[in-house]
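Labels for the chains are A, B, C and D, by order of writing; each one numbers its residues from 1.
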Amino acid sequence: MIELVTGPIDTQNILAQVTSPEAGAVVLFLGTTRQFTSGRETASLDYECYHDMALAKLAELEAEARTKWPIVHCAIVHRTGHVGLGEASVAVAVSTAHRSAAFEAGQWLIDTLKHVVPIWKKENWSDGTSQWVHPGLEVPKEIRSEP
Amino acid sequence: MIELVTGPIDTQNILAQVTSPEAGAVVLFLGTTRQFTSGRETASLDYECYHDMALAKLAELEAEARTKWPIVHCAIVHRTGHVGLGEASVAVAVSTAHRSAAFEAGQWLIDTLKHVVPIWKKENWSDGTSQWVHPGLEVPKEIRSEP
Amino acid sequence: MKLNVKLFAAARQLAGADQLAVDLPEGSTVSDLRYRLAMEHPDLAPLLPHVLFAIGSEYVGDSKPLADAMELACIPPVSGG
Amino acid sequence: MKLNVKLFAAARQLAGADQLAVDLPEGSTVSDLRYRLAMEHPDLAPLLPHVLFAIGSEYVGDSKPLADAMELACIPPVSGG
């Protein structure tokens, strides 16, 4: 199950999708909005994606993970748009026969997702400024929130 | 949150308990009942525990994990009694600021739980026989289900 | 001195009881308890080399001295999870 | 030949547009596109050395030949998750 959603991520549905009598282990990872980063306060996040390519890359990630680990079911759901404090922006869930593969595959999926899937995060800081996050790059300048 | 429960594990409540604006990552592990083990078919499981000691050991696990990783919230819930195919017998959830600690702590908690917490699993095989599972031990004999 | 030993899982099933009363001489240890249980309950004997004992919520070693009226638990290899 | 380049995140914000039309000579490559964008859109210039380009759903290298009417996407370093 690969999805881009604009509202809250339905973790119950995700767990139901991956749970199976073929699997003895389920690992679910949620990435949630943290309030403080190096002492600076976040008010919320906004995510933007290149929709069709993001879906294609997520499907490639699942396919590649299935060549590395004996995955029973896999679900990757990313939220776009506005995400409040403490809310999940991404969910990765994997079920496998044995638990070590589920942990490894889950971690590989989220690590790789963060490097290759065309999705971008904008930090809306509590001081009213906003900033697109482009890892490895000095973001050109701080700018007021876009309208 | 440390609990021994006799009915289905409430994963939504567990996720709600561990999610926090202080955390950027949540890892939930579920151990679920697998239908086939080395080609042999399981119909269901029964879990038995030494209740007070199991709770004490689970609390010790959480305390030890908190010395190893900067855990924001931790939940460990084990189900006892009868557990059907595909259902979860155990849930371990951890939230941390960054994801690698959540994966490591989650895996350590379930690995260690399986070695030290006085809980036992009985396989109810599809052929009608039952067998307590005692790792590293030839189980004395196969016996019909207890009444 | 009189002790009570709780049994679980295969130990309970093999003994046909969820606890056993054991009478041991003063100064006995967990090691003596293990030996006495094997003598008095031959069905349990194959399991006993592999079990741990606990007092309260703590595992105790074979050299642990026992005292009258103690409650122990016989913990066969665990399989939770 | 005429190309269309979709922009995202800081690239979109710096350019003030979510896509740009670019006119390049026949035989141009992604490298030429990167250079032309920097010339025509100075606000984007600091970002361009760090972006990838994609055609369809595939990242393409700087030597990739371009063709008339292609749709490309300019992909600044991603930050999903």
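As a working rule, contacts are C-beta pairs under 8 Å (C-beta built on N, C-alpha and C of every residue); 3 or more make two chains touch, one makes a residue touch a chain.
Please read all numbers here as calculations on a predicted model, not as lab measurements.
Hopping across touching chains, the smallest step count from subunit A to subunit C is 2. Between subunit A and subunit B, the centres computed from C-alpha atoms are 26 Å apart.
Note: centroid distance subunit B to subunit D, computed from Cα atoms, is 50 Å. In subunit A, 31, 110 are the positions where the chain touches two or more neighbouring chains simultaneously. Taken residue by residue, subunit D touches two or more other chains at no position, since every residue touches fewer.
Contact annotation for chain pairs lists A-B, A-D, B-C, with touch applied as defined.
On subunit A, the positions that touch subunit B within their shared complex are 11-12, 15, 19-36, 85-86, 88, 95, 97, 99-100, 102-103, 106-107, 110.
Those residues of subunit A whose C-beta lies close enough to touch subunit D in the complex are 31, 47-50, 52-54, 56-57, 78, 89-90, 110, 113-122, 132-137, 139-140, 143, 146.
Every residue of subunit D that touches subunit A in the complex is listed here, in rising order: 6, 8-10, 13-14, 46-47, 50, 54, 56-57, 73, 75-81.
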